[in-house]
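Look for chain A in each of the two complexes below; its partner is chain B in the first and chain C in the second.
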Partner chain A sequence: MSGERGLCAYAITRGTRWDLVGLPELRAAGPPELIRHDGLALVVTEVDTALFGGLDAEEPAEDGLLAKLVRDHDAIVRAVFEHEPVLPLRFGTVVADEPAARRLLSSSCDEVTRWLDRVAGHREWGVRVDHGAQPVEETPLTGLSGADYLRRRRQSRLDGRQLKDHQAEAAQALHSALAGLATDAVHRTQRPQTLLDAAYLVQEANEDAFRRAAAELGEEARGRGATVHATGPWPPYSFTRLELGVAG
Partner chain B sequence: MTENTLVDLLDRIVDSGAVVTGDVIITLAGIDLIRLDLRLLLVGIDESLR
Partner chain C sequence: MESTSSSLADVLERVLDKGVVIVGDIAVNVVDIELLTLRVRLFIASAQTAREMGMDWWTGDPFFAPHSARAELDRRTTGLEAAAKAPEAVHER
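Up next is the complex of A and B:
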């Protein structure tokens, strides 16, 4: 299956000094190139646009096309991120050719430069806290009178609600402490069992304090039965609410 | 804070990144559908790990 050729665009970075040395071998994409313009560089690989057409039909799987493309995307963004501040672009962005890439860089130059200056020296960390399971009924219910049984059931429901409140308090305390140590924080899309799903943009100088707070207060939340899942460091993926358009 | 799993990667990457409008030939029009599917998948995997 073959279609149009295009340039898959992964990220924008500063156009100075940087080259693509040390990039890991990619799974699905060709070798990356830099297109430099107006002091910025767009990181691209040449692709057959039909490649992305196969994604809709595919079941997400560990060795599937989507997984390969997403791992390539992350590998490229990270390789840039190790050298220079990086603005990740939406996964699966394809521009027609080099002139289109240059138009993108010149039309968004000021906005992207400001954004890169803001995230320079920062890394992203993620923390998610989910409700833990309800406590298990420990004493056997046999031999209880009806009234005792009802009282026990009411108490157990109260305990469950109280436990949820305690877990929510711990998640809130965790978030307040972490947000206080971060330059920026965003809440991500929540699932029903989720008490907190946030990303934090943390200056490298604050990382030790941030990780200590995450470990200590995360332990506190775990002690109340919540599950805590921390990830990072990431390139600033969650702080990219930008729309870059070519005017006209 | 160890090596990222595929679930973590998908959760981070598929719904993020600056959007390029206008001069593009693909922006993965179907990605919102994929994302919804993934959300379901992610929830499923999460639950099976507990």
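Up next is the complex of A and C:
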């Protein structure tokens, strides 16, 4: 069951510190290599394209092939990111061969250089705030008249709505403070009950202030019953939304 | 803000639908990324993963979790039965 050989690509970088990059132990991919051209470099591993076949028909699982490949992808991007600026590529990017990789680098050189400069010295942080569970009414209902029951129920709904408003305010305050300390911020896909799901591109010099604000205002939102989930540091995954192709 | 090891859901969300996209002839199409992303979204939204992520709001909601409504009904029935067996407790009011 072998398909064609291809080069799975993970990131674009300048490749100036490649000798320092500690290459991660990979779960499914072979050892990463660098294809250099015009002062830029594409980080790749050689793959059998059949490896990806049927991946989109498989149920995602913690120990499945998708999880392994995705964790490898992240590990390779991170290993390079620790030493120099990177533009992470979307998962599942495969180019035919070395000449194709060089064509890509040469035709997108200016754009890539601009983006590398833009994310240099920055790391990405993620913050999500969700509505917390409503406190459950514990008082026994027996012995209550119908009118009392309705009154209490109305009060608890009002309290719940007020609590949700307070949580939304706290999430908004958190976002304003963090966006103010970040170079760029993007909102991610909203889910029901999510008050805030954002990624922030933060300059290293601002990281301490950013993390302090996240901790303090996150605590404030938690105090109002919301759940706060912070992740990071990440390579700038959410801030490299560009399409590259070979011109002509 | 701790930098703990990221959950699979966190990694999937970033690696799958973010990052540089290569278009045109030089990219080899090995996987239907839209379909994969859709699958993964469903996976992330699945009850078990969501609970790990602290999003268990629906477990107490009768619409999404009929069992919780059942528990509430049972509780009320028991309460009513107790009241019926001791009518004086109700008449005292």
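What to note about this one:
In the analysis below, the second predicted complex is superposed on the first by the 243 of 248 C-alpha atoms of A that agree within 3 Å, B and C clash if a C-alpha of one lies under 4 Å from a C-alpha of the other, contacts with A are read in each partner's own complex, and residues count from 1 in each chain.
Heads up, the rule we're going with is that a residue touches a chain if its C-beta (ideal position, glycine included) is under 8 Å from a C-beta of that chain, and two chains touch if they have at least 3 such contacts.
Please read all numbers here as calculations on a predicted model, not as lab measurements.
Of the two partner chains placed by superposition, A:150 touches none, neither chain B nor chain C. Once chain A of one complex is fitted onto chain A of the other, the partner contacts of A:126 extend to both chain B and chain C. For chain A, the partner touching the most residues, choosing from chain B and chain C, is C. Contacts of A:90 after superposition on the shared chain: both chain B and chain C are touched. In the superposition on chain A, A:142 makes contact with chain C only, not with chain B. By the touch criterion defined above, A:237 lies against chain B and chain C together after alignment on the C-alpha atoms of chain A. After overlaying the two complexes on the shared chain, residue contacts for A:218 are found with chain C alone; chain B is out of touch. When the two complexes are laid over each other on chain A, chain A has residues 4, 6, 9, 12, 49, 52, 55-56, 60, 62, 66-67, 70-71, 73-74, 87-96, 100, 103-104, 125-126, 130, 133, 189, 191, 211, 227, 230-234, 237-238, 240-246 in contact with both chain B and chain C.
For chain A in complex with chain C, the residues that touch the partner chain are 4, 6, 9, 12, 49, 51-53, 55-56, 59-60, 62, 66-67, 70-71, 73-74, 87-96, 100-101, 103-104, 125-126, 130-131, 133-134, 136, 140-143, 145, 188-189, 191, 193, 211, 214-215, 218, 227, 229-234, 237-238, 240-246.
Against chain B, in their complex, chain A makes its touches with residues 4, 6, 9, 12, 49, 52, 55-56, 60, 62, 66-67, 70-71, 73-74, 87-96, 100, 103-104, 125-126, 130, 133, 189, 191, 211, 227, 230-234, 237-238, 240-247. Remark: chain B residues 1, 4, 6, 8-10, 12-28, 30-31, 33-34, 37-39, 41, 43, 46, 50 touch chain A in the complex. Listing the residues of chain C that touch chain A in their complex gives 1-3, 6, 8, 10-28, 30-33, 35-36, 39-41, 43, 45, 53-57, 60, 76, 79, 82-83, 89-90, 93.
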